[in-house]
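Before I ask anything, let me first share the structure, which is written out below as C-alpha cells.
Per-chain numbering from 1; labels A, B and C assigned in written order.
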Amino acid sequence: MPERIASAAAAGPDPAVILRADNVRRRFGGFTAVDVDRLAVRRGEITALIGPNGAGKSTLFNLLTGFDRPDAGQWMFDGHSLAGVPPHKVARLGMVRTFQLTRVLARLTVLENMRIAAPGQLGERLWAAPFSLAWRRREKENTARARALLARFLLDGKRDEPAGALSGGQRKLLEMARALMVEPRMVMLDEPMAGVNPALKQSLLGHIVSLRDDGVSVLFVEHDMDMVHEISDHVVVMAQGRVIAQGTAREVTQDERVVSAYLGERFGGDLEESATTSSGGRDGR
Amino acid sequence: MDILTSALRAGFSVDAAYFCLAAIGLNVQFGYAGLINFGQAGFLAVGAYGFAVGSVSLGLPFSAAIGLGLLCSVALGLVLGLPTLRLRADYLAIATIAAAEVLRLFFGAAFQDVFHGRDGISGFSAAFQAANPFDHPFLGYRPSDLWVMTVGWGLVVIVSVFVWSIMRGPWGRVLKAIREDEEAVRSLGKNVYAFKMQALAIGGLIGALGGFVVALGQNSVQPDNFSFDLTFIVCTMLVLGGAARIMGPVIGAVVFWAFLSLVGGVLDALTAGQDPTIPAWLMTGDQIGTIRFVLVGVALVLLMIYRPQGIFGNRKEMALHA
Amino acid sequence: MRLRPALSLALLVAVLVGAAPTAVATASIAGRTTLATRGDDPETVKVTGKLVNRDDTGSTPVGGGRVTVTDASGAEHVATSRPDGGFSVEVPFEAGPISIKLDEGSLPRGVTLREGSRNPITRTISGTLPLTVTFVLGKGDRRTMSWADQVPQSLFNGLYFGLIISLGALGLSLIFGTTRLTNFAHGEMVTFGALVTYGLNVAGIDIWPAGLLAALLAAVFGFAQDRFFWRPIRRRGTGVLAMMIISIGVQFILRNVYQFFTGGRTETYRQYTTPEGHQLGPITYSVRDVVCVAIALVLVLGVTIALKRTRLGRATRAVADNAALAATTGIDVNRVITTVWAVGALLAATCGMLLGFSQAVKFDLGALQLLVMFAAITVGGLGSVWGAVLGSLLVGTLIEMSTLVIPSELKMAAALFLLVGVLLFRPQGLLGRAQRIG
C-alpha cells in the first residue's frame, strides 16, 4: 500500500491529466480481470482504449465510472478521488459514460431522454415537484439546449417519438447526445462503433472529434485498430487485464507486444462475436 | 336488477374507497417506479394501528393520531427499503410480503394490552362521526358510511391530484426512467436509490391514508383486516385499471368492487333456495367467497399475460418496452 | 405444536366453527360489503375443541374437563369433554363478545392452566368469522423445567423443522436458479403434498404410501404446471417481474381452490399424530421424527448428488449459470426447466407431507411457510443449493429458539429479522456468489 501512495504522490497533480488511475485491480473468483498499474488520460484529447476480447477494457470502464468496485486501487478525476464513489456522483462530477449496448429509455420520448440528463433541475426534488413554478423555467432552458444538441446529432425531427422507435444507429447518437446534456468534462464511450454500419461509423467518428473540439476529453473503448488510427490522439492498449502499451496510434501499432496480442485475436474472432458474448454476460448478471 | 344496484353500490362503497387509496399508493411504487411491493397491507396496517393506538392508548387528538399513523408508514418504508432497494427487485417483494405477514401476526399477538390481539382496537371514531353532516340514509348507504365515503373518496381525489402533480414533471420523469433502466439513469447522475426510497415512502403514506379510512369506516382495526388478500386485491385492481396512469387505480377499484359484488350476487342467486340452479354437491352458498377469489386470481393471471396494460390501456406503449 | 413437545404442555384448542367456514377470507377482506350481500346468517355457532394433555410420556386425551361459554346475552352454555377429549356446544349466533372459560377445578390432578394464560378468553363474533382460542395447559410440575433445560430441545426442534423446510426451499431455489423466477406459489406445492396425503390417508391408505403417492402426483402437477403454463408464458417473452406477479396470482388461485375443497377445516392425519416419545439426554424425540429426518436427508442428499453427478444435474447447473450459453452447447433448456419444476414440486410436496404431522393440515399450510422458505434461500444465497439447505437449518433453528424469548405466535418475526439483517450486511447470502450491487 505505501508504495502505491508514494508513486501517486511522486507524480504530483499534472493539470494536463484529467483522469489518472493507479494500481487498479479487479478479480472475479480466481481470475484477474483488471490489473492496471497506471493509466493517464490527458485533458482535451481523444484517448482510445484498445485490446483484444477479454482484455478487461469494459471492466476497467465499469470500475472507473463507479459501476463496479475494484479490489484495490485508486484513481483521480480532475482533482477528485473517485475510489468508492457511486456512479451517479461520478456522473455529477463531470465524467459521463455510455454503454456498449445502448441504453435509451425506450418508453420516454427522444426529447424526454435528453431532458432527464440535464443536471440541477430543482423539479427532481420531491418537495419542489408539485410546484411547476419551481422548475418550469429551467425546463424551458433545458429543452432549448436539448433541441440544439438533437439538431447537431440529426435527431431533432424524431424528438417527440419514443426512443424505442429509433434505429440502432440513432440510439447510439441519442446516447451520445444525452451524455452531453449532463455537461461533462469527460465522456467515456464504451465501444461506440460496435455493430454499426460503415456510413454511421464515419458520422460517429465525426461526432467524437467534435466533442474534443468543444473541449471535452474523450476516452473510448474500441476494438478495431483502423478506427482508432483516424481520430485518437493517444492510444492505450490492454491485454489480459494489463496495460501493455501506451502512445500515439503509430507507436503502439509498431509495438511487438501489441502485434502479438492482436495476432491471436485476428484469427480468433471478430467484432460481432465480441458484441454477442458481452451481451450474454450482461443478461446473466 | 337488485344484483345490479348492489354491484353499483359496492363500486363506490367505503371498501372501494380504501382499496382505491391502497392502489394509488401501489401505483406510485409499482406503476411508476417499478418497485414490487407485495406488502401494501402492511402499510395500511401500520397507518391504521398507529392512528388507533394514538387515539385510544395515547389519547392523542385526532390530527396527532393521524400524524402518528403517517409517521409509522414512512418508518416501515424506510426499514424495508434501506436494505432492499439497492438489490434485485425480488428482494423488495420478498421483504414486503414477509413484513406484512409478520406485522399482522404482531398486531394479533404482541402487546395484548395495547393491540388487544385479534379483537383489535375499537372505539375511536366518535369525534370523527360527531362532525358527520349526514343525518339520513341516502341511496341505501347509512349516514355514518356516507360520511366515511365522502372523506374516503375526497382523499382519493386529493391524492390523485397530488400524484398527477408530481408525476407530470421532472421527478416523475426520473421515476419512469428508473422503471425502464436503472443503470442508464444512474449513468446520468441521478441517485436512483434515493428516488426509489421516496417512491416507496410516498406509496406507503398513501396506503396509510387507506388504513385510516378502514379504521374510521369500521370504528375498529383488527389484524385480519390486513391479510395478504388485501395486497393481492389491490394488485389486481391496479393491473385491471391500468398501472402508471392517474385514473388507473380509481377505475380499477370501482370496476373491481362492482364486478366482485355482481359475481357474488349472481352466484348467490344460483345457489339459493330449495332447488338451486347449481346443485349443492357442486357448490354451496358458503363457497361463494372462495369461488369469487379464484375468479379474481384467474383475472389477474390472464390480465398479466394478455393485457398487462389494463383493460383500457394502450398495448403499443407496453410493447415498446421489449 | 408438535415442535415443542418437551414443554409438557397440554393444549386445549377450542375452535369456534362458524356455520360458514369458507367465509374466513371473505369476511376479512370484503368486510361489511360481503355481509350485506349475504342473507343466510347462521342461527347458531358450534363451539368444538379437544382437550389433550401432553407430557414426557406422550399425550392423553382429558375427559371430564368443563368449558363454559357465555354468549353476548349473558346466557351460559356448558360443555364437558368426552373420554376422547373432544367437546362441543352450540351457542346462538349473535354479534357481540362471548367468553370461553375453562373450569380449572374440573381438570384431572396434575394438569393445570399454564401460568400467565388467560382464562376466560373473550372473543367477539363479528360477521361469520370463525375464531380460534387456545388455552395453554401444563402439568403441575412443568415449572421444574428451567429456561436452559429447554435449549437443547428447541435446538433439536429447530434443526428438525429446518431440515423439513429445506425440501421446500431447495425446490424454490432450483426454480429460481434456472428461470430467475421467484415463485410465490411454491407454498401451494407444499400444501398440495399435505392435502393429498391427508385425503389418501383418510381414504384408508397407510400414511407412508399415501405420502409417496402425493409426492409423485405433485411431480406430475409440477411438470404440467411448467409444461402447459409457465413455458408458454416464457415463450411470449413475458418479463421476470410480470412472471412474479403471475405467480402471486397462481398462489391466490390454488390457495382458494384448496379452501374450496377443504372448507377451511383444520385436519390431522389418521396415523402417528401423537407418537410415543423417547428420551435421549435432554431431548425428546419419536420414531416418527427419525423416519421424517431420514426421508428429508435422503431427498436433500439425493438431489445435491444428482446435481453433481448426473448428466441432467450438470445440465441443470449449466442452465442456472447461463441459460443462453447452455442452449448453444446443445442442452434442451426447456426440458431441464420442466424437470426442475417436477423435482421441485416433488420436494415441496414431501415437505408438506412431513409438515402435516406436526402442523395443522389446512389450505394455507404452505402459504404460511413461504416466508420461512424465502428467508432460508435469501440467507443461504439465492440460487445456491447448499445455501438453501444451510439457510433452512439456520432459519428453522432461529425460529424455534426464538420461542424461548418471544411468544410462539410471533416466531415468524425471527425469520423476517434474519432476512432483513442478511440483506443489510451480506445481500448475496452466506453461500451466494457476490453479485454486483448498484
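Following the convention adopted for this analysis, contacts are C-beta pairs under 8 Å (C-beta built on N, C-alpha and C of every residue); 3 or more make two chains touch, one makes a residue touch a chain.
Note that this is a predicted model, so its numbers are computed, not measured.
Summarising the inter-chain contacts, the pair of chains with the most C-beta pairs in contact is B-C.
Distance from the centre of chain B peaks at A, each centre being the average of the chain's Cα atoms. Distance between chain centres (mean CA atoms), chain A to chain B: 44 Å. Distance between chain A and chain C, defined via averaged C-alpha coordinates, is recorded as 52 Å. In terms of their C-alpha centroids, the spacing between chain B and chain C amounts to 27 Å. Within chain C, the positions touching two or more other chains are listed as 438. Those residues of chain B in touch with two or more other chains are numbered 183, 186, 192, 321.
Counting only residues that touch two or more partner chains, chain A has 67, 87. Contact residues on chain B toward chain C in their complex (touch as defined above): 6, 10, 13-15, 34, 36, 38, 79-80, 82-84, 86-87, 89-91, 93-95, 97-99, 101-102, 105-106, 108-110, 118-119, 182-183, 186, 192-193, 217-218, 224-225, 227-230, 232-233, 235-236, 239, 257, 260-261, 264-265, 268, 285-294, 296-298, 300-301, 304-305, 308, 321-322.
Residues 65, 67, 86-89, 91-92, 96-99, 103-108, 112, 115-117, 119, 121, 123-126, 128-130, 132, 135, 139, 162, 164-165, 178-179, 181-182 of chain A touch chain B in their complex. The touching residues of chain C, counted against chain B in their complex, run 19-34, 36-40, 122-124, 129, 131, 182, 184, 233, 236-242, 244-246, 248-253, 256-257, 259-260, 263, 367, 370-371, 374-375, 378, 382, 407, 409-410, 412-413, 415-416, 419-420, 423-424, 427, 437-438. On the chain B side of its complex with chain A, the touching residues are 162, 165-166, 168-174, 176-177, 180-181, 183-192, 198, 202, 317, 320-321.
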